[in-house]
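For reference, the structure is listed below as structure tokens.
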Amino acid sequence: MTAPVTAASMALDGGLLTADDAAPEGAFVSSRGFWGHVGHRLVRDPVAMGAGAVILLVVIVAILAPWITPMDPYKGSMLRRLKHVGDATYWLGSDELGRDMISRLMLGARLSLFIGVTPVLIAFVIGSGIGVLAGYVGGWTNTILMRTIDVFFAFPSVLLAIALSGALGAGIFNSIVSLTFVFVPQIARVAESVTTGIRRRDYIDAAKLSGASALTIMRVQVLGNVVGPIFVYSTSLISVSMILASGLSFLGLGVRPPEPEWGLMLNTLRTAIYVNPVVAALPGVCIFVVSIAFNLFSDGLRAAMEIRQ
Amino acid sequence: MSVIPDGHDPFARDRGGPAQPLLSVSGLYKHFPVRKAGGKKQVVRAVDGVDFDVLKGETLGIVGESGCGKSTTAKLLMGLIERDAGGLLYDGQAVGERAMPWRSYRREVQMVFQDSYASLNPRMTVEQSIAFGPKVNGVPGREAVERARALLARVGLEPRRFAGRYPHEISGGQRQRVNIARALALEPRLVLLDEAVSALDKSVEAQVLNLLLDLKAEFGLTYIFISHDLNVVRFISDRVMVMYLGRVSEIGLSDAVLDAPAHPYTEALMASMPSLDPDNRTAVALLAGDPPNPIDPPSGCRFHPRCPLAEEVCGVTEPPLDGIRPLHRVACLARQPGSGHARAPNPALAA
Amino acid sequence: MLLYILKRLVYVTPVAFGVSVVCFLLVHLAPGDPLSAVLPADATQATIDEMRAAYGFDKPLPVQYAIWLWHVLHGDLGISIATGRPVLGEVSRAVVNSLILASVATVIGFTFGTLFGFVAGYHRNSLADRAASALSVFGVSVPHYWLGMVLVIVFSATLGWLPPTGAGPDGSGNWRPDFDHLRYLILPAVTMSVIPMGIIARTVRALVADILSQDFVEALRAKGLDERGVFRHVVRNAAPTALAIMGLQLGYLLGGSILVETVFAWPGTGFLLNAAIFQRDLPLLQGSILVLAMFFVVLNLLVDVMQTALDPRIERA
């Protein structure tokens, strides 16, 4: 836990203000701070930056999709079904109803990202809330909250997602609710353990001694220290969430046709695997690429946050 | 440079007068429940009936081996853990009652922790950490920051260079100075230093100790100084209290207690301490082994299994903390007239 | 050790209770009347009330739960609305098929994952190491239902080597250990094995690298222990964790098999769940999920106990 002691700081231990310390008149030396350091290190990680670029690109395409698709993603033609990749009109071929694949994949990014990322975002807020509360308050509150969470851990996550959305019925909203339910316990457990660790630190005691209320301590002293690890953990869930969300649509439990969504497209194109296997596999490639990008970015973020303190 | 705002005088807050102890502790108990293998419920008697006074303007040193209850006592005094029993009287007013609620008491009493790193929030700059206390107590942001900077300068850290730094960017001694500044930011009258210099290098330790002495004189502070290092305690303390297994075994003026210990435990502590004077080194290690388990403390005098003077009576009778001369009290049957111990002073002579 | 097992059992009981509550509530989470699937659209109120009473839906929730739990504890998971057969029978047949698939997938994943993990851990930062970490990222990032499709495209649609769907040539729902059935097992099992393979490779790599960097290994080498001895040491220290992860992965695969089973039309629990969801066969849905979740709970318990038994470093307090 000892910070590296430089020669300069050793000399300063005496508390004697030497000429060297009187440095630039009037200017306060400010440090980058924790997130500054993390950003600095992340920028130097080529893999994480590459993954970040892919994510950024997909997000931009998703946002701009309605204006930039080369053709109408909903308009099909039974005469031009299942064109191959490299077709003069349909660059990435056409689907089983003769709709332009590239346009549908671009628009599909919208829904796929939305149903994949939203559950993690909501679960991040709810799970952090529950976990930080349980960790900071401790005692019976902790026991009750965490034992309840344990029950949800008794379900493999895919099973829980399918059980919930199966019971709730198909639809985008239900699929987001189910996946949120899957991730809340996982995030809450991480948040609880991080917070419990922080709560025992002396600086929390010191803050109590300053007369701060529990809420102020949680907001000012605890949150800043727990948000980082919980956030990194949550980013690592986005990849799983994307796969599961598209998986629910693949099963027919999420997005409904004719909306383009990668998982749903994968399902409807299954019948075409003998005629046009490459086109049939394309939506899966998109899910895979985005999922891998989120995983690599999350790994990079985790590595960047492992700073000696 | 004056850190204290105009019109502030620590003595102006005095209520009971110089004779009234600043803090009076009586019958303090804290037992922690533990579960041993087999599910049997037991308690650790961490603090088991402790009484003492802290006089205004003094430095009271508290010494003892690890596990003797020093740190638990510190946390009880600060209200960081709840006491099972016992009373705290701050300048004549009962702490936790209407006249002196915990909130007001905590503004008067602050603490410096042993681990300089763990006691600073790693996500806050030095300045933010110091300004936090004043801010939550209603000092406007700018003013709190100014106070933080002035205090940094006062503890020997040039604000321009240090105010914006994070704890991991400065050395242990510098961090402990920041912790001291933070404690002072709330203008306390009593500062509890729990092993505050123990983790520092010897040269840095001496500098921080001198800083503490200066600050005490400047702000009219009272210190409770907890340490396992008898040399440091002797240097800084006016009076010393020796604890053993959750109890006070001896208390008195530093010179009296440390030069002429009345309790065999204090004597053993002194002897086990490496002396700086080579002619004065004891060859025998008087304190063999670890202190007994506070879950199941020995009957009678808790020190008797390790005591060179132990007699049969020591395993039966618990020695009370008795005065042997003014300002010097000791819990030992061998010093107590009529205790039945062979070495006990003659009650007739004592009377 | 016995005391430890008892303690774990005491801890598992409330979790199992909670799981049963969640499964019970699933049915009540469903929108609309749980009977809507069986009742004709023009059913009179009297018929509806009669059916509600017959299924016990007219009683307060806690009472319904108590009755349901009582039946469950006696092995009665209710009657499937769609088929009219007992849920327990349907589920147990499906569980056997899923278990075969998940076990084979776990064994494949464990074998290759351990292999890659060992090579990577022994030669850190080598090409093999980078390949292993690429594999583990691939394993956790790939949508396995898509991977299944790709394998079908390559090995069935294009090469024609293996059958694309089903569990056997006769089209029957039961798998048998013979060559014909084995061919049907290969693609789904390989598809499923990718996830545990990546996770196990990553864990074993970390374990091996960690053990090799520890002082005691240096000491053993210094004492003249040959590389085979060192290897044995590494295996002994890495085995408990690796096996524990394998056990948990088996549980995850069993519970998460629905997507892969759907792709391959494998007649397991996933397939059953799929049918239950789309026919709104709530007793079947509830029963399958309860059985799978309980299986996972028990598996967790076994893994825990096994890990403790194998690993001398864990104190059995």
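So that you can tell them apart, the chains are marked A, B and C in the order they are listed, and the count of residues begins at 1 in each.
Rule of thumb we're sticking to: a residue touches a chain if its C-beta (ideal position, glycine included) is under 8 Å from a C-beta of that chain, and two chains touch if they have at least 3 such contacts.
Per UniProt, the chains are A, C = ABC transporter permease; B = Glutathione import ATP-binding protein GsiA.
This structure is a prediction, so every number in the text was calculated from the model and none was measured.
With centres computed as the average of Cα coordinates, no chain lies farther from chain A than B. Relative to the centroid of all protein Cα atoms, the closest per-chain Cα centroid is that of A. Computed centre separation for the pair chain A/chain B is 48 angstrom, with centres defined by C-alpha atoms. Centres computed as Cα averages put chain A at a distance of 25 Å from chain C. Rounded to whole angstrom units, the spacing between the C-alpha centres of chain B and chain C is 57. On chain C, the positions that touch chain A within their shared complex are 14-16, 18-19, 21-23, 26-27, 29-31, 137-138, 140-147, 149-150, 152-153, 157-158, 251-252, 254-256, 258-259, 262-263, 273-274, 276-278, 282, 285, 289, 292-293, 296-297, 300. Taken together, the chain A residues at the contact with chain B in this complex read 1-3, 5, 9-10, 12-17, 21-24, 26-31, 33-34, 201-203, 205-213, 216, 220-221, 224-225, 308-309.
Contact residues of chain B toward chain A in the complex are 75, 78, 80, 103, 106-107, 110-111, 113, 115, 117-125, 129, 132-133, 136-137, 155-174, 177, 179, 182, 186, 201, 203-204, 207, 211.
On the chain A side of its complex with chain C, the touching residues are 147-148, 150-152, 154-159, 162-164, 166-169, 239-240, 243, 246-247, 250-253, 263, 266, 270, 273-274, 277, 280-281, 283-285, 287-288, 291-292, 294-296, 299.
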